[in-house]
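Next come the structures, one after another.
Okay, so chain A shows up in both of these, paired with chain B first and chain C after.
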Partner chain A sequence: MSLLFEQLLNGLTIGVVYVLIAAGLSVIFGVMDVINFSHGELFALGAYFAISLAAPFGGPGFWLALVVAPLLVGIIGAAIERFTIRPLYGRNPLYQILLTFGLVLVIADIIVLLWGRQQQQFSGPPSLAGSIQIFGFSYSLYNLFIITFGLALAGAIWYGLNNTRVGLVIRAGAQDREMVQNLGIEIDRYYTLVFGVGSAIAAAGGVVLGGYQSVSPAMGHSVIIPAFVIVVLGGLGSFRGAVAGGLLVGVIQTLTRSYVPLLEGLVVFLLMIAVLLVKPSGLFGDPEWQEAGGEHTTLSTGSGGILSKSQRLRVGATVVGALLVIPLGTNVLYSPYIVSITSDILIWALFALSLDLVLGYAGLVSLGHAMFYGLGAYTTMLTMIHLTPSVLVALVLAIIVAAIIAWVVGYLSIRVSGIYFAMITLAFAQVFYNLVYKFEWTGSSQGLYGATPMYGIAGIGVAVGDLSLSAGPISISSAEVFYYLLVVIAVCSFLLVRRIMVAPFGSVLKSIRESQKRSRFVGYNVTAHKRNAFVLSGGLAGLAGGLYAISNGFVSPDVLHWLRSGELVVMAVLGGIGTLYGPMLGAGVFIFFEDLLSTYIEQWRMVLGTIFILFVIYIPRGIVSIGPYLRDRGIIDITEQKFERSEIDDD
Partner chain B sequence: MTTERETNIALETQGLTRQFGQLVAVDEVDLTVEKDSFHCIIGPNGAGKTTLFNLLSGALSPTSGSIILNGRDITNTTPEQRVHYGLGRSFQISDVFTNLTVKENIRLGIQSRQYRDLGVVDKLFSPTATFEDIERRTAEVLEQTDLMEYADTEASALSYGNKRRLEISIVLATDPEVVLLDEPTAGMSRENTMATIEMLQGILADKTLVLVEHDIDLVMELADRITVLHNGATLAVGSPDEIADSEEVNRVYLGEP
Partner chain C sequence: MEGPYSGLGSNQREGYELGIQKINESDEFDFTIDATFENTKSEVSTARQKAQKLVQQDDKDYLSGCVSSAASLAINSFAQEQEILWVPGGGAIQITGSGCNEWSFRAETHSGQIARAFGPWIPKNIGTQGWIHYADYSYGKDINTSFTEQMQASDASVNIVGRSTSQLGATNFSSYISQIENSEAEFVVLGLAGGDLITFVKQAVDAGLKETVTITSPTMCMQAIRNALGEAANGTYGGVRYDPKIDTPANQDFVERYQEEYDGNPDAFARAGFDAIWMTAQGIQEADDTGPATVKDSLPGQEVSSVFGSNTYRECNNQATNPVWVGRNVPSDQGGSSSVELLSQKSGQEAVAPCSEVNCSL
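Let's look at the complex of A and B:
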């Protein structure tokens, strides 16, 4: 009994920290419709500031840190709002998600740069070091302090929201922004305030948690996903919901860890999925949020490039030609590494193509696409280890498994729209991410390896690692043979999807992208089309994952991590969604820069994140829109085929 | 004789009711729209016109009552199914497929009625240009609606009037028997209103039209038959002359004593 009670208190301790993170996240969404992925990093930043602030002062340093660290983070948060998020108001909420995702990369790398990668510790104040007797057992005084402090802070915010003029404006803004502006209130200034205060509260959570657990660079992005779950559970934009959800998730997590370890890491996501399906507005949410992010301005770049059909054909042929000759120059012009990096690019390009099917054509923002990629990778690996080494069979199974799961996920998720769809796909992906850790046969945290993939079927064929060709002076290594296979698959997939997009099915998807409502009243079943597009997309992502497994020879839970889904969306938007080739190009540019930057600087994510943030703000329609952008301003004149080749070569 | 009567009715509702909590927005409405007629539904603000329109189009489902289209009960069908049974609805001007060409806008309408008959392989892999029947019908509609010269123009680049025209033409392309129109001339000048109505009647000639309208003068000029709604219920039904003479209508709708 006292053990259960102790567990409950432990749950509350974590729950209170969740409340501090989720409260800001939720109010920020409520007031500005911004889903702030970087909120977890601001939380981590709070803990790191505390390390630096507390250390020189010994015991009392903690109290100093508890005041100063949130203030500093609050100022940083306000600056982030003012200089990066503000230019994006009024655009599709996807852009804010992307921008804050870029901020995740930047802040996480700054943390590593300043404080290093290793785990660190700082001790809480000596006055709270002991434990006290309550209800017949002794309990850590510091934990009780966290609970009291967190609840007091949440209470103070609640009081401020409900009893001050500023709070009134913020609540009114969450209800109806335009109305508040019409009343002559400059709501923009309140945005900065809300973002700053929200960041400061999260940082305070980071400080108190830092004194309880160790501090590590991963703490930001491991806490953000549960925080989203809480916000969605409680209802986007609801402060009460964030408090209730935070405590609930803290307690449930702690109790499942002790009593039902099998469900650890799963139960909160399953809970969130269930709540979204039954009551999409969350436990305390306002039903009007249901449509948040539903139909906004179209995101996709669409058609309207600057090249004529024959020019496009020529560019396409050039790209394919370049891809085909790349291996011929190895060991002569450059190292074989070029083939390996281009192989990576091709796999990511295929993955990005799959995302464009749903993101660019059906208007579905999937933040869980790593789920299908990962399923494909695991299916391929398991097939090759246990069933048959045949690459063909393994890939076909990968496509089928990913497509079936996509059908199930799509069936359940497509009824909710916009932000909710993004969140529910994220939750499903996290379920799979956590599932592979649970079982021996999925390799747990070790991953899976040790397959000998073979070309051919039913035991007849040749191992992928052995097949090399040589004809006179030209020799093609086994890696290059596989590379050619990738080129063929990527090009064929692109042509296939392009073909689908000019067929009746694709034409309906385009109509859905333009106006869901109209498409429906012209007589098309919009939901069925979205689901079918999702299944196609899932299958294609599964193929990409399968190819990755073969190419890499090893799969780990990492392939299912949400950061991978996020990076994929980044690539797609970087290239230009709704064009099919744009996201593929984006994948090429992303991987190329990642590789280039990571050779020279350790903090490449920071640079890439910054580039990406600038893109989101200034070139939201991606690389493929640069041409028309320059043409419209008369900077370039495309009458002949003098298109900037550098843009396309990377693909 | 009942069969003859039935065949003469395009759209009918029986006891159609929609409640929002305590509020009865549409209250036991029995509507009978004859084939090839121009039937108008009018009423003051809050009379339940928009709710009735949404019930007919399938955007809302009724609390009770039924809707019958050409003798077929469509009460529990989705909007997209209703299109296939021959019910079209017009939209606000912004609701064309903005970034697609005029031709593609029309083609999507034509394709819609044949879509479910296409095989899976055709749907997924045959370029739309290879469906000769659909292409031919598209060209016909473009001709018929005077939009041929804009066939390859993006809808977003059309003039206001042509956007309106395109909007109605998409409805025509779905080959409806009954077309629901929701205040198609709201906010227009008298001149534009008449031009738009003429365009409507030209394009949708020999269709049964159901117009939900606020502007009583317009209705008096156009309608074959008028249903007047008040507080969600039917107040009067009749020809324009009968409605103009009805004391009840004058009292309620025009606010006359």
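Let's look at the complex of A and C:
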């Protein structure tokens, strides 16, 4: 019995820290509709400031850090809101998600630059060291301090929100922003305040948790996903919800760990999925807020280019032509590595194409697409190891499995929209990510190896590694044969998807993206169309994952990591969503820069993150819109073009 | 150089740089080493991609690196495919066990070697009631099986009163600590590495576990762990893969080079990086051919010098026969991080499992 009580206290300790992180996240969302991915990094920054402040002052240093670190992080948070997020108000919340995702890359690298990669620790004050006896067992005094401090801070915020004028304006702003503005209140100033205070509370959480566990650059990444779960469980925008959700998740995590370890890492995500399905507004959320991220703002999709249709055809043919001749220059002009890296780009391009189907055409922000990619990769590997080495069979199965799971996930998820859809796909992806670690047959953390893929079927064929061709002076290595297969698959997939998007199905999808309500009134089955797009997209992502597994010869759990889904969205937006070729181009640029930068600059994520933030703020339609962007500003002068809406519209 | 093993990767790289410096300065070798470094981000897919780049674009014939065992295994098969010589830095038994091949040579000490030296010592010297807590991935599982086997092989009758597992990268261990505290355990073996171990021990010390239960872990005496834990590490026990005080001329040379270049003392990862270069370079010199195909045939079983003195990559699985110590973390004379007191030693031959028990066919 005392063990259970002790475990409950353990759960409350971590739960209170979750409350501090989630409270800011939730209120920021409630007031500004901003889902702040960088909240975890601000939390980590609090812990790092504490290291620098606590060390030189010894014992009292901790108390100093507990006051000063949140203040510093609060100022940084306010500056982030003022200079990066403010230009984005009024746009689809996706752009704020993306911007804060860029900030994650930048802040994480700044932390490494200033404090190094090594894990560090600082101790709480000596007065809180050791343990005390309560109800006949001893318990850590510092843990009890965390619980008391966290609850007191949460209580103070609760009081501030409910009993002060500032709190009143914030609550009013959360319910109806326009009304508050009409009353003559400058809501923008309150936005900065809310963001700053939210960041400061997270930093306070970072300081107290830093004294309890160790401080490492990964601590920001590791809290952000549970924080999202809490915010969704409690209800986006609800402070009460964040408190209840935080404590609940803390206790559930701790109890599952001790009593049902098999479900560890799964149960909170399953709970989140269940809550989203039954009561999307969360346990304490105001149903009105579910509108947020719905359809009042649309995504900025690529708006065609500055080239005419025939010019574009020529560009397309040139790109395919260039891809076809790349292998011919190996060992003469450049090393075979160019073929390897272009193969990677082609696989990512296919994956990005699959995302654009739902993101650019149906307006569904999926933050869990790595799930389909990973399923495809695992299915392919398992098929080749246990069933047949045939590449054809393995890839077909990969597509089928990914499409079936996409149907199930789509069936359950498409009833919620906007941010909620993003969160539910993220939750499903996390479930699969955690599942592969649990079983020996999925290779656990080590992954799956040891297949010998073959071109052919039913045992008749040639091993992928053995098929090389030579004709006269030209010889094509086995890696190059596989490369050509990738080119063919990527080009065919592009043409197929393009064809589908020109057909009535694609037009309906686009109308749904523009206005869900109007499409429904006209008589289209919105849910069915979205789901079909999702299944198609899932299947295509599965194919990309399968090709990855064959190309690399192994698959490991990192293919399912949420950062991969995040990077994919980054690629798509960087290129220009809603154009099909834009995200493919984005994938190419991203992989190329990553490869190039990571060789020369240790802080390459910071560079890439900064470029990405600039894109989100200034060129949200992506690389494909740079031409029109320059033209509109008179920087380039093109007189002979026809302006079409998009490549597909003019067919 | 990034991800969960980034700190250890930096130390490993320092060892590589010193090893290269030694070879390139020396007259004993007829060749020089031209090295390129890449960052695996501790991810398997990136490790594989970077390996591909090094071999295909930079024309490298020899590869070494990776602290991550999963990444080391992925490059094991890549090395075989590309026919290049590979010296992995991962510590999982599998790398020179079921995942071995003739192109992979490990200079690093693996977790099975530590278990053979440390496992039987625990019940004889600490207690017979134990708990095993490990992270749910290959390294943690390795520790669970190998320590169970080795402790049971000792004369003292050991009883494992409980086992628990946490996820890799977990940050909150309070529930396991409460379970262990409420059990009959006299000692706990932690199959956790890096950050997981640091966080566990810190929380265990805060919760007062150290007063009733002795904390042991194969990596408990590692420099990075001791530095991060400060005084909290005092009184814990660990396996020791390397000690800067080892009395061999090669080690003195290595430590001097290290101190000159980086200040402070080298750790086990820097040692592994250094020996990976030096031991392999002697193989190349002996083969009288820099081609990896010749070297991989002559290197197994060849007697080479290492920081530990004379050493060999065993013929049956290409594993270096490194000695292992048992150590206790004790308060340092200068305060701050603990120092290691060596308590017992197993020679390279004793610490390594006999070839008949190795699941590798070359």
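Before moving on, here are some points about what is shown:
Heads up, the rule we're going with is that the second predicted complex is superposed on the first by the 632 of 651 C-alpha atoms of A that agree within 3 Å, B and C clash if a C-alpha of one lies under 4 Å from a C-alpha of the other, contacts with A are read in each partner's own complex, and residues count from 1 in each chain.
Everything below uses one rule, namely that a residue touches a chain if its C-beta (ideal position, glycine included) is under 8 Å from a C-beta of that chain, and two chains touch if they have at least 3 such contacts.
If you're wondering where the values come from, they're calculated on a predicted model, not measured in any experiment.
Contacts of A:Val267 after superposition on the shared chain: neither chain B nor chain C is touched. Touch criterion met: A:Gln120 reaches chain C, while chain B stays clear of it. By the touch criterion stated above, A:Val508 is placed in contact with chain B alone, chain C being left untouched.
Contacts of A:Ser216 after superposition: chain C is touched, whereas chain B is not reached. Of the two partner chains placed by the overlay, only chain B lies in contact with A:Lys517; chain C stays clear of it. Looking at the shared chain after the overlay, A:Ala203 reaches neither chain B nor chain C. Among chain B and chain C, the chain that touches a larger number of residues in chain A is C. Across the two superposed structures, the residue set of chain A contacted by chain B and also by chain C is empty. Residues 2-3, 6-7, 10-11, 13-14, 116-121, 123, 129-131, 138-140, 142-143, 212-214, 216-219, 222, 253-255, 257-258, 261, 264-265, 334-338, 340-341, 344, 434, 437-438, 444-447, 449-450, 465, 552-554, 556, 558-559, 595, 598-599, 602 of chain A are the ones that touch chain C when the two sit in their complex. Those residues of chain C whose C-beta lies close enough to touch chain A in the complex are 1-4, 6-7, 10, 38-39, 43-45, 48-49, 52-53, 56-59, 69-70, 73-74, 77-78, 81, 94, 99, 136-138, 141, 164-169, 171-172, 174-176, 178-179, 182, 194-195, 198-199, 202-203, 206-208, 224, 227-230.
Touching chain B in their complex are the following residues of chain A: 298, 302-304, 499-500, 502-505, 507-508, 510-511, 514-515, 517-526. Taken together, the chain B residues at the contact with chain A in this complex read 57, 78-80, 83-84, 89, 91, 95-100, 104, 107-109, 111-113, 115, 118, 122-129, 131, 170, 174.
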